[in-house]
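Chain lettering (A, B, C and D) follows the sequence in which the chains are written, and residue indices restart at 1 in each chain.
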Amino acid sequence: MEDSSDLYDEYETDNTPPWADHQHQCLEDQDNVECLRRKIKYFFMNPCEKYHARGRKPWKLVLQIIKIVLITVQLVSFGLSNQMVVTFKEENLMTFKHLFLKDYVDGSSDTYAVYRQDDVYEYIDYIIDKYGHLHNITVGNHEYEKKGSIYTPMTVCQEFYLNGSILPSNDTFEIDVKVVTECLEVSPMYHTSLQEGYPHFELHFKRMLTVKITFVLKAINLQTVRHRELPDCYDFTVIITFDNQVHSGRIKVDLENDVDINECRDWKVTGASARNINLTVLFDCLIIVTCITSFALCTRSVINGIQLQLEYTLYCRKNIGKEVPLSDKLEFLNGWYILIIVSDMLSIIGSILKIEIQTKVLTSYDICSILLGTGTMLVWIGVIRYMGYFRKYNILILTLRAAFPNVIRFICCAGIIYLSYCFCGWIVLGPYHEKFRTLNTVSECLFSLINGDDMYPTFKNMKQKSSLVWVFSRVYLYSFVSLFIYMILSLFITIITDTYDTIKQQQQSV
Amino acid sequence: MEDSSDLYDEYETDNTPPWADHQHQCLEDQDNVECLRRKIKYFFMNPCEKYHARGRKPWKLVLQIIKIVLITVQLVSFGLSNQMVVTFKEENLMTFKHLFLKDYVDGSSDTYAVYRQDDVYEYIDYIIDKYGHLHNITVGNHEYEKKGSIYTPMTVCQEFYLNGSILPSNDTFEIDVKVVTECLEVSPMYHTSLQEGYPHFELHFKRMLTVKITFVLKAINLQTVRHRELPDCYDFTVIITFDNQVHSGRIKVDLENDVDINECRDWKVTGASARNINLTVLFDCLIIVTCITSFALCTRSVINGIQLQLEYTLYCRKNIGKEVPLSDKLEFLNGWYILIIVSDMLSIIGSILKIEIQTKVLTSYDICSILLGTGTMLVWIGVIRYMGYFRKYNILILTLRAAFPNVIRFICCAGIIYLSYCFCGWIVLGPYHEKFRTLNTVSECLFSLINGDDMYPTFKNMKQKSSLVWVFSRVYLYSFVSLFIYMILSLFITIITDTYDTIKQQQQSV
Amino acid sequence: MEDSSDLYDEYETDNTPPWADHQHQCLEDQDNVECLRRKIKYFFMNPCEKYHARGRKPWKLVLQIIKIVLITVQLVSFGLSNQMVVTFKEENLMTFKHLFLKDYVDGSSDTYAVYRQDDVYEYIDYIIDKYGHLHNITVGNHEYEKKGSIYTPMTVCQEFYLNGSILPSNDTFEIDVKVVTECLEVSPMYHTSLQEGYPHFELHFKRMLTVKITFVLKAINLQTVRHRELPDCYDFTVIITFDNQVHSGRIKVDLENDVDINECRDWKVTGASARNINLTVLFDCLIIVTCITSFALCTRSVINGIQLQLEYTLYCRKNIGKEVPLSDKLEFLNGWYILIIVSDMLSIIGSILKIEIQTKVLTSYDICSILLGTGTMLVWIGVIRYMGYFRKYNILILTLRAAFPNVIRFICCAGIIYLSYCFCGWIVLGPYHEKFRTLNTVSECLFSLINGDDMYPTFKNMKQKSSLVWVFSRVYLYSFVSLFIYMILSLFITIITDTYDTIKQQQQSV
Amino acid sequence: MEDSSDLYDEYETDNTPPWADHQHQCLEDQDNVECLRRKIKYFFMNPCEKYHARGRKPWKLVLQIIKIVLITVQLVSFGLSNQMVVTFKEENLMTFKHLFLKDYVDGSSDTYAVYRQDDVYEYIDYIIDKYGHLHNITVGNHEYEKKGSIYTPMTVCQEFYLNGSILPSNDTFEIDVKVVTECLEVSPMYHTSLQEGYPHFELHFKRMLTVKITFVLKAINLQTVRHRELPDCYDFTVIITFDNQVHSGRIKVDLENDVDINECRDWKVTGASARNINLTVLFDCLIIVTCITSFALCTRSVINGIQLQLEYTLYCRKNIGKEVPLSDKLEFLNGWYILIIVSDMLSIIGSILKIEIQTKVLTSYDICSILLGTGTMLVWIGVIRYMGYFRKYNILILTLRAAFPNVIRFICCAGIIYLSYCFCGWIVLGPYHEKFRTLNTVSECLFSLINGDDMYPTFKNMKQKSSLVWVFSRVYLYSFVSLFIYMILSLFITIITDTYDTIKQQQQSV
């Protein structure tokens, strides 16, 4: 769109004064053609030129700059306050793993599993024991949940197939696929082991699917008080799962941690004043207002563009008798405005969600952060538009934009070869290499290989049971890497170089 | 082949109607030249043009699209059901390692070894003990194999040199290289240690080559029942090897797991209906039929091409008196058809194998997956052909194809330098660095280095005993990387760029 | 600046002899124009040409070469002597960790933490015990600090909120944010446990912020004696922190080590003569003198240039009546001289600091090494200037310099997109991936990804709690990498290639 | 050299028959000019053309091909037999570490150290104990060395400063730098601990430099018998060092293993025949003969070239009166011949060394493998010469060769910047990052970074004590990577592209 302004350059120096006067009479004027021409020319000017032409102050530009500042401040403050929440959640998860999982060592989550019947009972007893003595053990401020004056108990649930006799030595089995759940409730003050205290509770290893132990702990995130924010109350629902669904003799043990954040019911902070939450909300509202204004202005510009295009189409059809081609029509639709409109919408919804989160109505951090993040990203990318007003920057932006369709086109072709490699690698190498286990990881692995990931471990970890597969894996990897790095990446460079040359010649010939 | 259609472009617009009429009279027609010309022109059209020219529906195109969909569905379903088998096998392997190997820790497989005589006895006793109590230990549904009503025993076999007196302190030895095997059979109910129960069984450490402990366990893969597949019965032949072939004082211990999958003899599933296997077989048959059809059609086209080429050669020889050059002859042989024929053959054989596997006749998963995988890959790559019908996509494909011979040629030259580096690195650095131990790993390591592997660890792990070797390793690595990354990779880009320019100028000059 | 000499090339061959004679009469000469022309021409000559023209010996060049040698020697010797200090400091830190931290294992620093109340007391007791018996334990020459004849005691300090009742089960809390510190002093000879010896000292886990244990150990770095340097006396202030600021149930334990290096008060070395420190100081002084000379000479040249430029401007304004453009004015300001002046200043200050450090007046190693390092770096880069005197080398340097503005310009554009990705990644992925935790690490991670870092781990470690975030992370990473590696890196190559072609054509057309 | 043949192309087609006749009369012929012209032309022909011109069989070519085959076979067989030796040595080293180092765990070599006085005694006692019982412990065939009938004892040596009182608490020390060594001899049958058995042997921790424990074990590499090679007798000199040179409280423990390989004095192998070593020696001799022949032929050709050049120079000086420029003179010196001569010399010396090694006269494996490796590498690279005879391959080789000087020139410039970064990084970041500890590792680290090494760990591991250094490290790394990857690597591509274009135009214009 910027480059089209070149077409109107010759009018610019002399016409400016008469233009400004004629502007309002345009519609009732006889000379409609000249009027339309001027309107179109004005439409394609950049803020600077508009200011010179009609003295119109670039309000929209100023608004965008303010918006960028505000949105970035909002994002950073949201991120920083989020960080404390994340730290608290994560350190609590680590604490729970260390407190409740027997022999847990940092970093062993992936291989933490039980293989013996006795161990399963022992691990469960360990959890019950530690839960019972939690008060005297933990160095944090964890406490049991209370319903009225009674502590809510921990539940130990076993899921198993209703019925079944599995006899591998005879190659026979009989099974009722219906899954039953059997639960125990263990109060926090309970101190004996499972087999002593609940002699009727037995684990049916051959039919068992999972054992789930669930309990709720409460805590207060005190650290925020030092950053002048009010501490929140946290409910941690800890779920420890013994997973035996594969029935392979390996029971994977996993501890998960569902967090619920609430405002504390009753609190008193002395010695320092916590920052008022209303200020943050007010700031968010300011952003919403700014975004709505920007949204309205840009929508108006887009609508103006469409109207002008219709006018122009009508004129062409009537006077010249020619249909305006689609590409010319699209020229009237400024892509940057659409970018801003989208980013405004994202920011508005994101800010509303943020207010809800901060007043503890909602807890959908993820959606909010995606909206705010994407919004901010688009706003920043919008800055490039203003850089394009300088000629030397322009050539780079133009090259990228002009090369884009070719690159996309090429990615389609390369993508098909890529996909075929993915399928083939998944089906053949899947059983022999961790990275080829699912279609998704195959794609990630191959994509990473193209972009310089360590290849040697991929080569090396290929389990070498079948020499046929081994040869295949070598051919597969060597050919893939050679094809993509030597041919396809090189072609990308060629496409970009070619586009750059074209654009440069165009600019020089003008 | 696509580009050759350009040669016939001038005839296309005016001639279409008369052509269609004349078609059948061609052979008895006087005007044989014109007839041949038309046949050739028609032969080189793409499906779209053929439809416009003669109204022939693109059945072959439709068939290909159906085939792609079917084959991809087959591949994905095969992959998904394969995944459960792989998980079961792998988790069982982990279970056996944890159950039977003393002090085994996840990830220590590579360094799991014994260094003391007592330890060897202890480790063997541990295996015998755990095997004897397996019933009460395992959380899976493992059971001993039964022959009749008797459990098959575990065998403990020692291989050693028949005779030998090795006296390193005198620098003398006397050895009979013949290898003898001595075996014990230990029944599952046996509970004492090796030295107590079999006092005559002694390990001759100085002459011993290996101790192998072998036993069979059976299990049923119950998890498939939840994905509506019938559970299979598995026979795991567990082989634990104490490897002393090097006689270096280090006995490497290894647990391997041969799996045999059978249909269970007798089974009963209630509460849910397992999916019928016949449906899958039917689907595979459908694919076979589709592929045979596609195979037949493409073969016909190839044969037509060859016939036409013969006709044309004959005509040229007779009328013009000139021999047709080989490159022109090859134009008649459509490479895409050959690709499809190959992929069809692979898919057909693969699908037949798949049916055999699913009916438990065969267990050659690997060959089947390679056939199906490669078949699917080729089918997908075939899609690129249809992309080439669009001009803008075409230039990219053409560039890749045109650059191919040059790239191959260049890879030959570079390959020789590469090979010479491999040999040199292997012989000199082999004793000092893990990655240079075998010719194969040297090649993988160097190839990875070119494509962006971590270089620093390679530098760092070079054991620095001899300063001469240290200097050599530096010169070797610096020169290799500089040569290949700075000069050879750059030349690839140059070749591609050059080809692209050539193709582009050709297209513009047409 | 080198290329501007081309403008004067035509005068060079014939004029040399008359010039030399006329030189001194220049100012009183009538022919001012010719005189100015010659002065300017002479000004833009390189040392070689100056020697040929007027026989002026290239003192400045010789000085620079001497300076490079001296400064490099200084840097290397400073680095080597620094290395011993660093080794000593680091090995002591490792020793302290192994001696005072219970169950410490190499490499576990990041995960070294306590989770149980009993453990906290135990760990503190362990430190007190080991500190008390240090004499009999350590294999180094560590000793307690002595004030007079009394050993300075170890201090154990607890920081906690003044007051507070935290009741998570009721969702209520009351807290006084004021932080109080309570300290104990434990003398080295103290041997009982904390709870026995100081029954009133209690850890208030719910309110506690940190426990800090501080003590001072002294040692002598004897190894320097073998490299003919005098051993120094070290004061290690060991600070062990139990950090509970997050109140998450996890108390992170950290050992830090502040080092103070002094000259030993009283020493006697026999059997070998330690190198005199005065020699080193003398060498530093020599460097300072060299740098000052070089600084003076270059400043003179710069001033000459400015004067000449003023003269030329005046002449142009008077005689031709045209204002000299800024770019021409800047031609008179030799960038290389400015580089040398900056490097000289850095080296002078750095050397002065180094003398102070070696005479134990200051200990600001870091500032000194940054100054010396940057100084040396600039001096070396200055060497490239002399390479530019050879034509073939020149084209490469010119290309780099000419491409620089375009590259910077392009980095601006790319930087904005990069920044927007950083913000977006931080806010959305921060809670789910270690590398996206802070804005700084996001930037480092993305920058590394562009330049070939392992991508697969980044993909893989994305915690997969929310599938929305999972999809976002994939889109984010795939799009980022594709955009930056395929488009932006390619554009860099294009820019450089383009500049090279331009420069080459310029050179050929001259 | 290949391209110069283009100059003579016009003569080739018509002149071949007369030439062959005239050849011998050349010298006595009148028409000396024509004769010289023909000789020169013939000289620059390739083997194929020579065969066509004079029917000369390309013996040299055949010889080279035979040589390549022989040398590669030799290299591979040498490598394979070497591999067994390396495996045996390495597994023995691992065995010794596991047997003699207390609490040794695989992979902990780097951090294996002692920090407590008691531990030092304990570790030493452990070694003495295990050494004493070795017979009953090891599973290999290790035995003590025997001098006569007495086992050679183990020696325990302590090195310490002769005298010294080190009092860090007073900041005073007195030391005699002379180093004394005190040794114990412990016979293998000795079974009590150090402090009990040798009460006078005391470790002076404050003055101690090292404790070295040395003993010799013998073993026989039996595994070779299965590959039809005769087993060798090995003497392992095990040296365990407790290194306290830094006096930092950390004593690093290291086990090294010097190997001496001898022929066994007395042996008898039954059941299989070991391959005769004479065959291998014979094969090596064959290679030596081939290489000498090749060497002689190539030397002759080089001498011929020089003679021809002298003749030509003389002719030019006499008849045309012009001096031949150096570049034309160098044309007569065929670089490929020199490559072959060098490779022949390396192979000859290497083969002689290999014979010596195999007959146990020498043990300098390293030198031999470097000679053989480099020789083979050069021979293989020589193959590229023959590829250059095909035109399409030629352009690639020519490009590489033509670009070489420019690349070298550019590497000089880049190298200076690189070096300046190395110095600066070493001095500033050395104390804060492992990879910047020595100049050598800095260079390796930066070189690896350019070529796609993981950057994030480098960023991350920067210890963050001083924020000034932290900022510096960021600026340093970002600027380095940007400069080198974005500008300098791009310039490489540009140089190659430019050269390729030049060469291509030259070829097309011919």
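Going forward, a contact is a pair of C-beta atoms (placed from the backbone, for glycine too) under 8 Å apart; a residue touches a chain by one contact, two chains touch by 3 or more.
For reference, the UniProt names are A, B, C, D = Mucolipin TRP cation channel 3.
Since this is a predicted model, take the numbers as computed values, not measurements.
**Student:** For the Cα fit of chain C against chain D, please give the angle of the superposing rotation, nearest 5 degrees.
**Tutor:** A turn of 90 degrees brings the C-alpha atoms of chain C onto chain D.
**Student:** Counting only C-alpha atoms to place each centre, which chain is farthest from chain A?
**Tutor:** So the farthest one, by centre of C-alpha atoms, is D.
**Student:** What's the call on chain B versus chain D, same or different interface residues, using the half cut on shared numbers?
**Tutor:** Different: fewer than half of the residue numbers at the chain B-chain D interface appear in both copies.
**Student:** Let me have the rounded angstrom distance from the C-alpha centre of chain A over to the C-alpha centre of chain C, please.
**Tutor:** Chain centres of chain A and chain C, defined by C-alpha means, are spaced 35 Å apart.
**Student:** Which chain A residues sit where two or more other chains touch them?
**Tutor:** Where chain A meets two or more other chains at a single residue, that happens at 451-454, 493, 495, 497.
**Student:** Spell out the residues on chain D that touch chain B in their complex, using ranges where they run on.
**Tutor:** 72, 75-76, 78-79, 82-83, 85-89, 91-92, 94-96, 98-99, 106-107, 136-146, 151, 218-223, 225-226, 231, 233-234, 262, 264-272, 365-367, 369-370, 372-374, 376-381, 383-384, 387, 392-393, 396-397, 399-400, 403, 407, 411, 435, 441, 444-445, 447-448, 451-454, 489, 492-493, 495-497, 500-501, 504
**Student:** Report the residues of chain B in contact with chain D in the complex, numbered from low to high.
**Tutor:** 108, 111, 113-118, 120, 162-163, 166-178, 205-206, 244-251, 406, 409-410, 412-413, 416-417, 419-421, 423-428, 430-431, 437-439, 449, 451-456, 459-460, 466, 468-469, 472, 478, 481-482, 485-488, 490-491, 493-495, 497-498
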